[in-house]
Every structure is written in C-alpha cells, then in structure tokens.
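Going in written order, the chains are labelled A, B, C, D and E, and every chain counts its residues from 1.
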Amino acid sequence: MNPLPSAASPLLSPDGPSVTGSDFSITDQAATQQARDQDVGLRPGTLKLRPGALRPRLFLVSYHDDFIEEKEYSGNYALLVDYLRQHPDLKHWIDVRGYGDLPLMEQLMQDFGLHPLQMEDVLNDYQRAKADVFDNNRLFLVSRMVDFTETLEVDDDQLSLFTGPNYVLSFQDDYADCLEVLRQRLRTNFSQLRRKSPLYLAYAITDVVLDHYFPTMAAMGDYIERLEERLFAPRRERRLLNRILRLKKDMVRFRRLVYPERDKIAELLRLPDEVIPPDIKLFLNDGYDHAIQALDLAEGYRESISSLTELYYSEQSNRMNEVMKVLTIISSIFIPLSFVVGLYGMNFQRQAPDGSINYANMPELYSPYGYRGVLLFLALVVVGQLYYFWRKGWLSNR
Amino acid sequence: MNPLPSAASPLLSPDGPSVTGSDFSITDQAATQQARDQDVGLRPGTLKLRPGALRPRLFLVSYHDDFIEEKEYSGNYALLVDYLRQHPDLKHWIDVRGYGDLPLMEQLMQDFGLHPLQMEDVLNDYQRAKADVFDNNRLFLVSRMVDFTETLEVDDDQLSLFTGPNYVLSFQDDYADCLEVLRQRLRTNFSQLRRKSPLYLAYAITDVVLDHYFPTMAAMGDYIERLEERLFAPRRERRLLNRILRLKKDMVRFRRLVYPERDKIAELLRLPDEVIPPDIKLFLNDGYDHAIQALDLAEGYRESISSLTELYYSEQSNRMNEVMKVLTIISSIFIPLSFVVGLYGMNFQRQAPDGSINYANMPELYSPYGYRGVLLFLALVVVGQLYYFWRKGWLSNR
Amino acid sequence: MNPLPSAASPLLSPDGPSVTGSDFSITDQAATQQARDQDVGLRPGTLKLRPGALRPRLFLVSYHDDFIEEKEYSGNYALLVDYLRQHPDLKHWIDVRGYGDLPLMEQLMQDFGLHPLQMEDVLNDYQRAKADVFDNNRLFLVSRMVDFTETLEVDDDQLSLFTGPNYVLSFQDDYADCLEVLRQRLRTNFSQLRRKSPLYLAYAITDVVLDHYFPTMAAMGDYIERLEERLFAPRRERRLLNRILRLKKDMVRFRRLVYPERDKIAELLRLPDEVIPPDIKLFLNDGYDHAIQALDLAEGYRESISSLTELYYSEQSNRMNEVMKVLTIISSIFIPLSFVVGLYGMNFQRQAPDGSINYANMPELYSPYGYRGVLLFLALVVVGQLYYFWRKGWLSNR
Amino acid sequence: MNPLPSAASPLLSPDGPSVTGSDFSITDQAATQQARDQDVGLRPGTLKLRPGALRPRLFLVSYHDDFIEEKEYSGNYALLVDYLRQHPDLKHWIDVRGYGDLPLMEQLMQDFGLHPLQMEDVLNDYQRAKADVFDNNRLFLVSRMVDFTETLEVDDDQLSLFTGPNYVLSFQDDYADCLEVLRQRLRTNFSQLRRKSPLYLAYAITDVVLDHYFPTMAAMGDYIERLEERLFAPRRERRLLNRILRLKKDMVRFRRLVYPERDKIAELLRLPDEVIPPDIKLFLNDGYDHAIQALDLAEGYRESISSLTELYYSEQSNRMNEVMKVLTIISSIFIPLSFVVGLYGMNFQRQAPDGSINYANMPELYSPYGYRGVLLFLALVVVGQLYYFWRKGWLSNR
Amino acid sequence: MNPLPSAASPLLSPDGPSVTGSDFSITDQAATQQARDQDVGLRPGTLKLRPGALRPRLFLVSYHDDFIEEKEYSGNYALLVDYLRQHPDLKHWIDVRGYGDLPLMEQLMQDFGLHPLQMEDVLNDYQRAKADVFDNNRLFLVSRMVDFTETLEVDDDQLSLFTGPNYVLSFQDDYADCLEVLRQRLRTNFSQLRRKSPLYLAYAITDVVLDHYFPTMAAMGDYIERLEERLFAPRRERRLLNRILRLKKDMVRFRRLVYPERDKIAELLRLPDEVIPPDIKLFLNDGYDHAIQALDLAEGYRESISSLTELYYSEQSNRMNEVMKVLTIISSIFIPLSFVVGLYGMNFQRQAPDGSINYANMPELYSPYGYRGVLLFLALVVVGQLYYFWRKGWLSNR
C-alpha cells in the first residue's frame, strides 16, 4: 500500500443527480438511461465516471475490541492513508460514498491493490450482486441496496466491498445508506462485530443490506393495499393501471435483484474454509435462508399485483355494466311510455270531411276517463318494469 | 444438560395476537407484517421476541413401552428439568407452546444445547420447512402446520423440533395444534410409537403435520365449490372476484409451503443410515409419497380456481349481454312504433288556407278504418319483431 | 406362504359407491373427497378401508404352456390357497377386485409376504403410478387405469401388482377393468404370454393399461369436437364454458396421471438385469415410447381445449356485437325519422291571434305535396342508411 | 440375408387414404385418429397394418463411384433380392414406399435382420424422431417429413432408415417425398454422396428431411401474413379465429416434431467414433445447428401467431366500438332534437275555455319567427354536437 | 497460405438489397425470407451465395506496437496477399465486407485454411453466435451485430471472425458496421490493442459488438416511451397495437440473439488456457457480466412492452366506456323529457262530441301556468339528472 496524497477534486455535478421519474410512465427510464450509459468500444478496464456521479466523501471507522473512532476524511485522503499506516493494529472500515473524482478512484485502486476491471465494476453503477475471490483470500463483494422511495419507486444503489488483511473498503453510489444500524452496533462496547475479523464486518454489511429488503417489501405491500382501495373508489384516477403496472415491473425488477444476492451467498458458501472460515459460513447459511424468504415474499407480492390488474379489469367492466344498466332502465321505461303518449297524439279525425262521425277513430280521446285511464296505465307500466328490474337485481348496486 | 431454574415471566401481550384479516382484501397483510417484522441490522443469532408472542406453556409427555405420564409445567420450568434429570430411562416429549418469555427461551437453548441461530429460527416465526443435522446425529426439523380457518384464510404456524438422545423438544407458535391425534396414539398401550425411539416420535409428529394438509385442502375445495355456486346466483356480491383471487393467492402460498416440506423429507432420506435408520427411512418414503400427492392435489385446486376466474369473467360478460338484449328488444320494438304514431301526429292540413281540400294530405286520418288499421299494423310489427328475436334465441335465458 | 382359511366377509357398502358427479361443476369433487379421506394421525402402515370399498371378488387364472384354467374363488379364499399350494408348477394370476374385507386383506398380506406400507398403498385408493423392488427381486407396481366415462368424466382406478416366483397378484378398485383383451390373449394356445415368466405377465398387464390411455384420449377428442360444434350453435347452453373448463381440468389431471407412468417405466429400465431381464427391458423400451407418445397427444389436446375457451370468449363477444348492431341499425334508422315526423307535429300557427296569416310558419303543412314529399324524404333517409350499413357489412352475418 | 420370393399382395385400400380435414375445426382430428388407432392389448412386436396403408412400391438405387442404376421393383421383391446378392460390391438404397403388404414386411424384416419391435415402429405410422444402434454398428433412424399442404395443414409422414454394411433401407408412409433433390445429387457423377459410405447416405437423407422444414415454415409464414391481412378486411369471415388457432396448434405440433429431431442428432453425436466416424460427426454438427435454427424460427412464428390472436381480439373490440359510436352519434344528435320538436307539439291552449287569452301559454307558436327560430336552433344544436364529436375524434375512422 | 490472384467479380446485385419492411405488419417477413432461403438438399459444405449478397470490399489494418497502416484492397486481393506475405512481423486485421463473389470466397477459404462448413456458416447469413476451436488453437467466432434502425426495426448482421497466428480475418454482411470505435482505438499510439496479440483483437471486436447491444436497447426504450405517449393521445392511430406487438416480437428476437452470445463467452471461458490465455479470460469474464446485464435489461423491456399491451386494451375499454357514457347521459336526460312533452301533445278532448265539457281531460292544458309549469318541471328533471351523473363521476373525465 503506497499512499499518495490526493485532493478530492469536485469535477462533476456538485449538486448530485436530480431524478425526476414520472410516477405514471410504465417505461423504465432508469433502464434506458443505464443502457444508454453503457460505453461502446471503450477498452475494458478503462475507468470512466458516469455523468452525475457524486463528489466522494470518505469515512473511516477504526476499531478494536475496546476502542472505536469514527472520522470523516472527505478531501483529505492523504491524512486517511497516514492514519491507516500508523495503526496497522486496528481494524478499519474505509467507507467511500460517491465516485465523482477519477484521480482519487485511481489512487484508491493503486493503494488498495484493486484490479482495473474491479474498479470499473465499482464505478459502473449497475452491477448484479456477486462475489469474487482475488489475491487468494481477498473478497470483492457487490450488493445492491434497495429502497422503496417516497416517489413510490424502487431505488437501488450499489455497494461494493473489498476485504483486506485488517480493513474493509466499501464504495457506495449515494451519501445516504441503510448501514446506520450497523454503525450503531459497532459503537456498542461488547459487540461481537468489534471482536471478530474484518471478514465478519464484510459479512455483517452484506447481511444488513439483505435485511433491508424486508422493510422495502413491507412498504411495497402497503402501497399495494392503497392501490387496491383506490381501485374501488368512486372516482378513480385515469392512470391507475399505469401505477399498478409500474409497481408490477418494480416488483419484477426487485426479484431480479434478489436472485443474484442469493446466488452470491451460495457461491460464498462453496468457497474453501481457508477463505471463509466455518463459523462465518454458519452465519452465511442463515443469510441464505433470509434471501430465499425474501424471494418467497416477493413472489407473493407479485401474485397480489397480478390480482390487482385482474381486479382493475373486472372493475372497469363492472362500471361499464353499470352505465349500460342505467341506460337500459331509463330507455326501457320511457321509450314505451313515449309510444303510448305518441299514440294519443295522432290526429285521426272523428269527424270525416263530409261531417259524418266515425266513432271508431280514437274513441278514447272522447271518453271522460280517457286521460286519467292513460295516466293510470302509464303508471302501471312503470311499476311493472321497475318490479322486473328489481327482480333481476339491476336496481341494487349489483 | 445443565438445568437452571427459570420463572416463566409473562412479559408480552398477555392476551395473544388479534388478527383481523379482511375477508375481501387481496393484499397479503400477513406477508407485509412478516416483512415489516424482519429485524434490520440485528446481529444474526440475537434472540428477539416478536410483538404478540404468546406466554409459553410447557407440556411434558414421558413414556416407556408400558408407561405414560402427561403433565403441564407452565411456569415451572425448574420442576420439568428436575423430572427430566430423574428419569433418564424414560422417553420425553417436551412441548413448548408460545415463545413470549425470552429468559426461558435462552435457558432452554442452553439446557438442550441448541445453537443461537437455531433458536433464532424457532422464534423467527416464519421459517420454511427444513431439516438440519447438528452435533453429528441430532436433528433440527421445521414444519409448517397449515389450517384453513373459519375466516376462510390459510393460516400457518411453525413447529420446530429438536431430537436428543431420549427426548424430542418441540416449539409451537400457538396453543392449539393438530397433534392431538398423535397424543391419543401415544396413550394407547401397544402403540408402536411408545416402543420406538424418540426419532420415530419426531418422524410421527412431522407426518401428522403433513397429513393435516389434506383436510385443509378439503376445506378449501368445499369453499371453491361454494364460490362457484355464488358465481351464478342472481345477485352476486360485488367483491366476489376479490374472494376468488384471495383464495388463489392462498392456494399458491399453500403450495409454496408444501414444496419445502417435500424437499425436507428428501433431504432426510439422503442422510446416512447412522442418523436415520433404514426402518425410519421406510416410513419417510411413505411420507414423501404423501407430500407429492399433496402437491398434486394442490395443483388441481389451483386449476379449479383459475377456472373460477374464467367463469367469473364469462358470467360478467353474460350479464352485460343480457342487459344489452333487454335494451335492444325494448328499443327495437318501441322506436319504430313511436315513429308510426308520430307520423300520424303530423299536422298536414287537408284543407289549404284557401279552403280547397287536398285529398293527398294524410287521407288515412279521415278513413273510417284509419285508427284500427294503424293499431293492427302496430300489432303486426310487434309480433314480427318478437318472432325475429325468438328465432335468434334472445327471448330465452341464453 | 402360509395360507390361512378366510371367509370373505362383506362388511361394508354391499352395493358399491354411488358417484354422482355433476356434469357442470368445475370443482374437483373427487379430489376434495380424496383429500378428505386422507387419515390424519393414523400410524403409517395401519390398514383401514375406505367407506364404499367393494366386497372383494377373487379370480384365479392358472396356466402353463399348453394349459389354462380360469375360476372365480370369491368367498372361498381357502380353496384358492389350496389350489395354489397343489400346483406350484403352474403360473398363476390372482386377481383381487374390490377391497371391502379387512381380514381378507390382512390374510393376503401375510400369505403373500407383503409389507403393511405396501398394503396401505393398495387400499389407499389413490397412489401415483410407481415401481418398487422388494425382497431383492420382487416387484410392486402401481398403475392407474383411466377411462372416459359416459358421464363425460375422466375416471381413474388403481391397479396394484405384486410379482412372485410363480404368480402375479393384482388388486383393483373396481369389478370392471380394461384387461379382458389380455385374458383373451392368455387363452390363445400359442400365446407368448403363456410361455414367458410371470414377470412378463406383469409387464403385459401394465402395457395394456398404458395402451388403454389412447382410446380414452380418442373419446376426449371426440368430446372436444362436439363441444366445438355446440359453441357455434344458435342457442348454446348457458354453462358451456363450465363443460369446457371441466374438460380442461380433466385433461390436465390425465397428464398428471401419465407422467408418473412414464417415470415408472424409466425406473424399471434402470433396474439391474437380474431383476428385469434384458428381453423384458426391450419391451419396456417400447412402452416408454408409448408413454411419451401419450403425453405428446395429451399436450395437443390441451392446446385444443385452450383454443376452445378462446373461441368461447370470441363467440360471446361476437354475439354481443350482433345485439349491438341490431340496436344500432334500428335506432339509427328510426330515431331520425321520428324527429322528422315530430317536426311536422309542431303546432306553429299560421294564423296569428290577430288573425293575420304568417306564411313563414310551417308552409309545408299547407302544400299539396307536403305529406307525399315528407314520405318520400323519409324513404330516402331509410334507403341511404341501409346503404351505409350495407357498405359497412353490418347487414350480413359479419 | 435369406431372400424368399414374395408377391406384393394388394390387400388393403388400393386407392390410398382420403383425408378430409376441415379447414375450420380446431380439433386435432388426426390426433384423435392416431389415438383411436392405437392397439390395446396387442402383444408388443406384433405386426399389424393400419387401415389405409398404401400398397408398397419398391425402388432400388445402386451406385458406385462412377456408376448408378435406378429401378423400380414394385411387386418383384425376389428380383430385387437377387440383384442385391449379385452386387455386393455396389452400395444400395432400397426405398420402400407404402406398407400395405404384411407378408412382404415380414419378409423384409427377416431378410435385413430387423427386430419385430423395430418393424412395429416402422409400421406404427407415428413415431417421434429417434436414433437407435443395433447389432453393434447398425443404425435405426426415424425422421418425420413435414409439409405444409395446400389445405393449409401441417402434414407429417414418417421416414424410417436402417443402415447395413453396403446398403440403406428406407421406409416411407407415402409415395411422394421430399428426397428428389437427393436422388438428383446421387445422379451427379462426381457427387461426394457416391464416393462416401452408405452411412453418409443415411445422414444425407436425414439432412434433406431436416432442411425441408424451412420451406414448410416459409409457407406457414406466408399464411400468417395472409391471415393478418384478412383480419383487417372490412368483411372478415366469421371463423377467422378458428383458422388462427388451428395454425397456432399446427405450429406447436411442428415444434414438437423438431425437438426430437434435434435430440436425435445430439444422440448420434454422442455415439462412439466406431459407429459414427468423426468426418460424419462434422456434418452432424452442422445439422444440429440447423435443427436449433429451425426451432428458433418456429419460436418466432409462434410469437407471430400469438400476436395475431391479440390483434383479432383488439379488432373485434374496435368494431364494437365503431358500432357504439354510430349509435351514440345518431342518438345524441336526434334525441335532443326530437325533444324540441315534441315541445312545440304540446297542446297548451292560448285560449282558456272561458275565452280569455293566456299569453304565457307557448307564445312562440304565435310568433312570426317561431318556426324559423326553432329550425335555426335545431341546426345550431346539430352543428354544436358535430363539433363536439369531431373534437373527440369520433367522426374520423379512429 | 497459397495466395492466388483473384479478381473480385461483381456477379450479383450490384446495388445491394432493398429491404422494405412494413412498419405495421406483425409478420416476421425477414424470418420467412430466411426460412425460404434455406437450401434443401444441397450438400452440406457447398458454398452458395444468397441472392442480394453485396460485392465484397476488402480492408486491411496492419499494425505493430508503434506502427499502423490502413488500406482498402477491394478488387485487389492479390495485392493484399502479397502485403501479408511481405509483412509476417506485423499483426493484420483483414476485414471482408460483403460476400457477393464466390471465387474470392473460395480463394479466401483456401488461403486462410478454413473448412468448407465454416465458410458455409459465414455465407449462410443467419448463424447463431457461437465459438469453435479448430486447428488446435485457432478460433472461429460468430457474433451478431444488432441495430435498431430508423424504420423502427431490429436489424441484425452477422460478423464472423477467424483468428490466425498473426492475423484476424473478419467477414461481415454489410458495408456499415459498429466497429469504428475500435479502429479509432487501434489508431491511438499507446493502445493496449496494438501491443497485445491478435486474439485480443478478436476479443475486442466481439466485445464492441456486445457493447453495441446497449445503445440498441436504449433506442428501443425510447421507442417504447413514444408508443406509451401515443397510446393516450386523443386520436390514436388505428394500428398502434400492431406497432406494439411488432416491437414485442423484436424484443423477443433480440433476447434470442443475446442468449447464444452469453453462451459463446461461457464456452470460451471453458477452453484450456493454451487456447485462451488467463489474461484474456479475465476480460471475457467481464464480457460475460455484460451479456447477463444485457439479458436483464432486455427482460425489463419485455415487461414494459407487455404492460403497453395491457394499457392498450384498458385504454380501448376506457374509450368504449366514454362513448357509452355520452350515450347514456344524453339518452337518460332527453328520453324522459320527450315523454313529458309527448304527454301534453295528446289530443284528449275537453269537449265531448256532445259538447259537454270534461274537466278531467288534461286540465293542465288550460291552466294559465301550464306551459311555464311544464318548462320548470323539465328543468328540474334535467338538473336532477345532471346532479346524479355528477355524483357518479360520469361528467368528469373518469
């Protein structure tokens, strides 16, 4: 490890990415962006920053069984390296958040003995969860941190981990993460985390990321429930189906994120005991069960969302049915009535031009009970029809 | 085994969980709860109680070829341990129902030599069926007890089993279980259960849980039949499709529960004969057939429910069709009639302002047979149309 | 073999099961019954009769290269055993139809050296096709005999076979079977069946059962064709979709029956040559091809039935379309006409109250050609509309 | 090889099968026939002719590097055998088309050393593509020759091949085949076919059959295109969906035919080099790629047909929509107009019975501008509505 | 390598193929063409040109660590071969674009030691991506270059690569390609490409082709978005569903292209280190991740397109619903009004023929408030109905 001084130079997008995902569109704009960002013809292993990469912040947590120190070294990489050199006895967690400083990234690559292809994976911003062994016993782990954001989208950031003899080096896309609970555990005096090897810390970080899938799913579950309620609201929004389909796609994407996570753990379990000691494999086994459980739950949610679309179509059909019923009831009642009153609006003449009286021509018109009789008849028709429709159950709300 | 006295302290939720699952919602609220309950960032192997865990009740069944004693030790764990120590010659079934006492759980873990990760699985409340060997020849089995409740939902509780040299230790979520038939068999004097090893008891418990899947499915089958009847009822409820879709999701969940059960048995069958003796493998083979049979049946039911949704949509369309037919018949009959009577309601004047008579203007009105002729014509139109509709089969109920 | 005298005692349901499957319901009542019948908590290997099991009838076919004798021993099990003992040189086919006599079943189990778990499979009434080796070189084969009944349902009975040194012991649910063709072949003097070992007889029985799948499928194919015709009939029955869906479920069930049949043969083929001699394996290979062919055909039928449901929905939609067209044509023609005649029914007065004549008020009414002009105009409107609809193809039958 | 004289006796159906497949029915009548033809209870290996089997025609192509002779020996099997015996130095292709002569078939079986079960497969008329080795290094190959007939159906015939030391023996269902191109190649003087072993001829025949799948698919592709055009024709035929679904089923069947073809080649590739020399395996590799390509194409066509059904439903819905729009436009325009003219058809009297004038009662009727005003108002209503509908895009053709 | 002079003779289609793919048709005309082009009965390994093959253009890039020369040798193959012979120390990339010159192709085959079957694959124009080793350590690679054209279709061309000791020989269908970025990298002085072996160049070409999949997908993603917008446009085009379904089929085809690409890389990774050195395998590993990522993205897009069809149907149904609502609102308001005015258009006579006044016959007509009362009543009916429809949410846009 040959630390070289490096000033973190904020070259790119100082104010971070502004994501404005439409809540409605089913198109996967993030995916399209991801596809568009892919560099064509660039030499593999060439480092290149994404537009919008955040200016890196450096955090160091150094600890021992009964000691812990946390400090931010953003912009002072040289100091961090000095500290690491001066404390080979401590265990360190170097946490780099944001990539927007290419020289620093190359420096880190050199200082921590990473391969350019690995560094490319780190900066690539979209990499499936995976586990690689390098330098015989070092691990390169990629996890995907998932969150269900307030804009009702599944957001996933990449977490890359490198283990070393006495440190864990982590890279994240974003400043915010879901690892605060872990830092809290580290701060606890008698935490097992503090006493165990950095490999255990790497495992613990991976595990926390995996555990965070569950609240994400719970949030999606709540959203499914809200969508179901909206489905049956009298004035439902026009693009409700878009929302449902978008959620469905997000759930499918979520599952595509979890599968490699499971495979990653399975791969770690297959590594020889020299790389992953048996006691850590015991914990990995537990993590494997969690990953399968997450997949089971996700599968269940996918079913729920499929049911939502079925309900949507059925409800759409129900509403059409209701419209048709109103039309049918009104028409069926009034069209015959109109005929009857039209009948007595005919101009058949009782009195022929020659003055003779023709009693057969519309005698009702001259009857003293004619008008009242017709009104009564009309009322009877209405009552009869209403009874018929009530019998068919068309007057109730289905 | 180092028994330590332990007072079962009722720390949490003394009156048990109150589950109020809506019959209608297709959302998997239980799953969402389960996802939400997942602890993020907790050290793996840290015991933690679910909110709403029941206060544990302890039952002991001690037996030998020609002896059996059943006793509840709830709140008297120390006495139970004493009894176990004093009777190493007997076989014991220690049955713990409810987990709501963390110190007791830790005590049990220590006394029976369980691993914290195993105990975490026990308390986890949702664990797929699985089989692990530990301490060379002890088994840790997880089964899921399934029930189709009166609120028409599939309810599943976890049963965790640990075998030991002369005992079986079981943990259950709930006080009620489906194992009473087994206890009855144990009480029978010449039961094979009494003469065989505790491993056989463990197998028998697993088998009873598996067998209980069949009445659960029978209840679901009955419910499918009731739903089908309701589908064709004249006034069907508005949210019938919700019910159907919920049942479908339950059936899918049910299958996801049974698959690991089958795999669990397959795994047990692959264990060496020292762990599972051949005579027990013979019985396991039988259980394997049962699991496959359960999957076959569940598959058939899933088909039936899919058919239900198809019938639902078809019936919905049929009803729309019927509405349209009524509208069409009434309109088609009366709109032409209205035209005819409107025709003779026109005010064309026979007598021009100059007093001259224009015999071409509506001579029908002056004919002595005009009115009767029109009435006859209208009647013929009605008859003709009714005949046409009858020919098309629109007057019958499809 | 230690034959003990046994009087076949008709304990249960002397008149057999009365199955009244509704032709309409898509619910799998048989499956529900099967699920309900599953014994919970019964010790595995405990013999128990199904309610409705038939009183057993015993048939014996004894044969040699140039000898054959067929006799029914129903109620005379002791005689049968005597005969078997006296003729160790003959080959025997003991055919037991119906299980409704528990002591006899236990006797058979003991006399022919069967395992209680095997006997439980025999009585279980629903067992997937399978092949087990026991006592080193004896076979226990389960086949499912399938029939498409006159009530248009797939009916499947179980056939269990045990081979022995010089006999085949078969158990069937029902008195009627599809094995008569085989008995006929046995009766033929130079039949290969008579000269070969009982194992070959067992194979031949299995093969006949498998071959019977083809006429069953042919009957289902005929039924599919009849359903398709009914689909387009002018007055189709209301629950035609139920029929289609029921058939679909039956076809799916049929495939679930055939798959294990294929796997059974594959398993037999994997057995060592000491158990299944190569010459019989040659025949089994042929049977394997047949099973795959049956699956291919069944897959094709499943496609056909799926197409039926698509046609059903399309036809439903077509009929709705036709209803709408009639409504639209009638309304479109007569509503404008009614407007015109309504127009001339207005009471605008030519003569103002002050007696002055207002020639602008409805002069048509006073024209000598008014009425005829209007009639002509109405006729032109009708002709024009009819032409428009004819051009759109709405007047033809699509 | 012991040739016995045999007169080809035309026992059955001298004029061949008359297949009258309805173009419309989605039912797989061929499959039903196939299922019905299956012999139940016949001893496996018993030769039996299908009803309608063609009278066999015998063709012999004998060739060497620079020699070729083609001759038909129909009815003169003895002569053919003589010729074969006299020319052991030539390579022979014995091509039998039609099976309708049982004694000849048995003779062939004996003379060429075939197994009865193989011969049964040949006559069986429906056998999946497969490859078997027998007599150590002889091959029994089954291919399915596929054609898209002029009656728009997928027709498949069976081609069975047996290789021998210096000959290939082929059996076909039908007189016509797709092998003429191969015969043409044989006739070419410097053809590789002539110089290579009969095994290469067998491979070449198989390859030509496989290659013929492509024009078959091209014909189906053309038909799909024609169906798509018909879909949007103004007067589409009533049973267009039947056609589409039938084609779909045919495509599915086609894929079921190609899969075993691919597996057959894969199996041949796995055979030891003594059976299939490496140079022929090189060609087989090429054939394997072709089979996969055929599957890829078939998959693409299946997608196209699925899209056709989606288009069908959408178009059906579009047409309904159009009907509804016409109804709505006509009704919406004329119903309000009718109300207005009805309004002025009311008989409210200006002059009360007591002779007093009530100017409030319908003064419009007495206004000199009344009639013209109403007409103007009606025209404005019509224009307004037309504008509204035009804005909504209902007046255009969607 | 025995170069023979060869004049590139422009035999076929000098102006290239004119592809006129309809934007609308869902039929896969390219596939049909491909199926039709398949040669039936041609000897495998026989070179044959597709109709429309382009006249070949020859490009040579010769380079060394600090040297590069690019030159077009179209029509001067002899010169190219001379150059190659004179510079065995340089690395060469011979790039052949277009195949339309059979003698040249055969010459190339001979000079570079290719197998006729390989050359057939090159000319075949449709070959799945694959990797073969020949002559122990030479590679034959096929890639498919994909582009989303301006006519909104997925266009794929074949790129075939042969490696040799000091050269890479590539064949392309078309003059235009996506490899310009790579040539640019070659031109850079310190490019790794220049320093590494030709094998690395072959890998780099493959990698660029693979990377080009991403902009292709991005273009498809943009198109999906545009289609979604059009879906909700007020006047959507009649054949929008055709477009969607066509895109779906293209996406499915795209995935079928990428899968073999992934398998190809996996196969290369399995090759021994002598063929593919470890350092190149490192890069291949990276390419493998890219291929999987491409599949993941394509899967996501497929979901999006499926959602588009669902939205299409829903929107179609919504529009029908809107039409029905307009009809229902207009009819429901005016049909009752028409009845009322029809009522007062009846001709019931107050004055009987005998002159007596019958005050019961339509007294409203004589009331001074009659007309105004009726108008008020009609207004109230309208207001009431509008309120009812507003309450139901039918007046808003859903």
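In the analysis below, contacts are C-beta pairs under 8 Å (C-beta built on N, C-alpha and C of every residue); 3 or more make two chains touch, one makes a residue touch a chain.
Predicted, not measured: the structure shown is a model, and the values here were computed from it.
Undergrad: Using direct touches as single steps, what is the fewest number of steps from chain C over to chain D?
TA: Tracing touching chains, the least step count from chain C to chain D comes to 1.
Undergrad: Between 0 and 180 degrees, and as a multiple of 5, what angle does the rotation take that fits chain B onto chain D by Cα atoms?
TA: To map chain B onto chain D, rotate by about 145 degrees.
Undergrad: Centroid of chain A to centroid of chain D, CA atoms only: how many Å?
TA: Here the centre of chain D sits 44 Å away from the centre of chain A.
Undergrad: Between chain A and chain B, what is the separation of their C-alpha centroids in Å?
TA: Centres of chain A and chain B (C-alpha means) sit 27 Å apart.
Undergrad: If you look at chain A, which of its residues touch at least two other chains?
TA: If we look for residues of chain A contacting two or more partner chains, we find 317, 320, 324, 327, 331, 335, 338, 342, 345-347, 362.
Undergrad: List the residues on chain E that touch chain A in their complex, please.
TA: Residues 178-182, 184-185, 191-193, 204, 207-208, 211-212, 214-215, 217-218, 221-222, 224-225, 228, 282-283, 285-287, 289-290, 292-293, 296-297, 299-301, 303-304, 307-308, 310-311, 314, 317-318, 320-321, 324-325, 327-328, 331-332, 335-336, 338-339, 342-343, 345-349, 352-353, 358, 360-362, 392-394, 396-398 of chain E touch chain A in their complex.
Undergrad: Looking at the complex, which residues from chain A come into contact with chain E?
TA: Per the stated touch rule, the residues are 25-29, 31-45, 115, 117, 120-121, 126-128, 130, 234-238, 241-242, 245-246, 248-249, 252-253, 256, 309, 312-313, 316-317, 319-320, 323-324, 326-327, 330-331, 334-335, 337-338, 341-342, 344-347, 350, 357, 362, 364-366, 368-372, 374.
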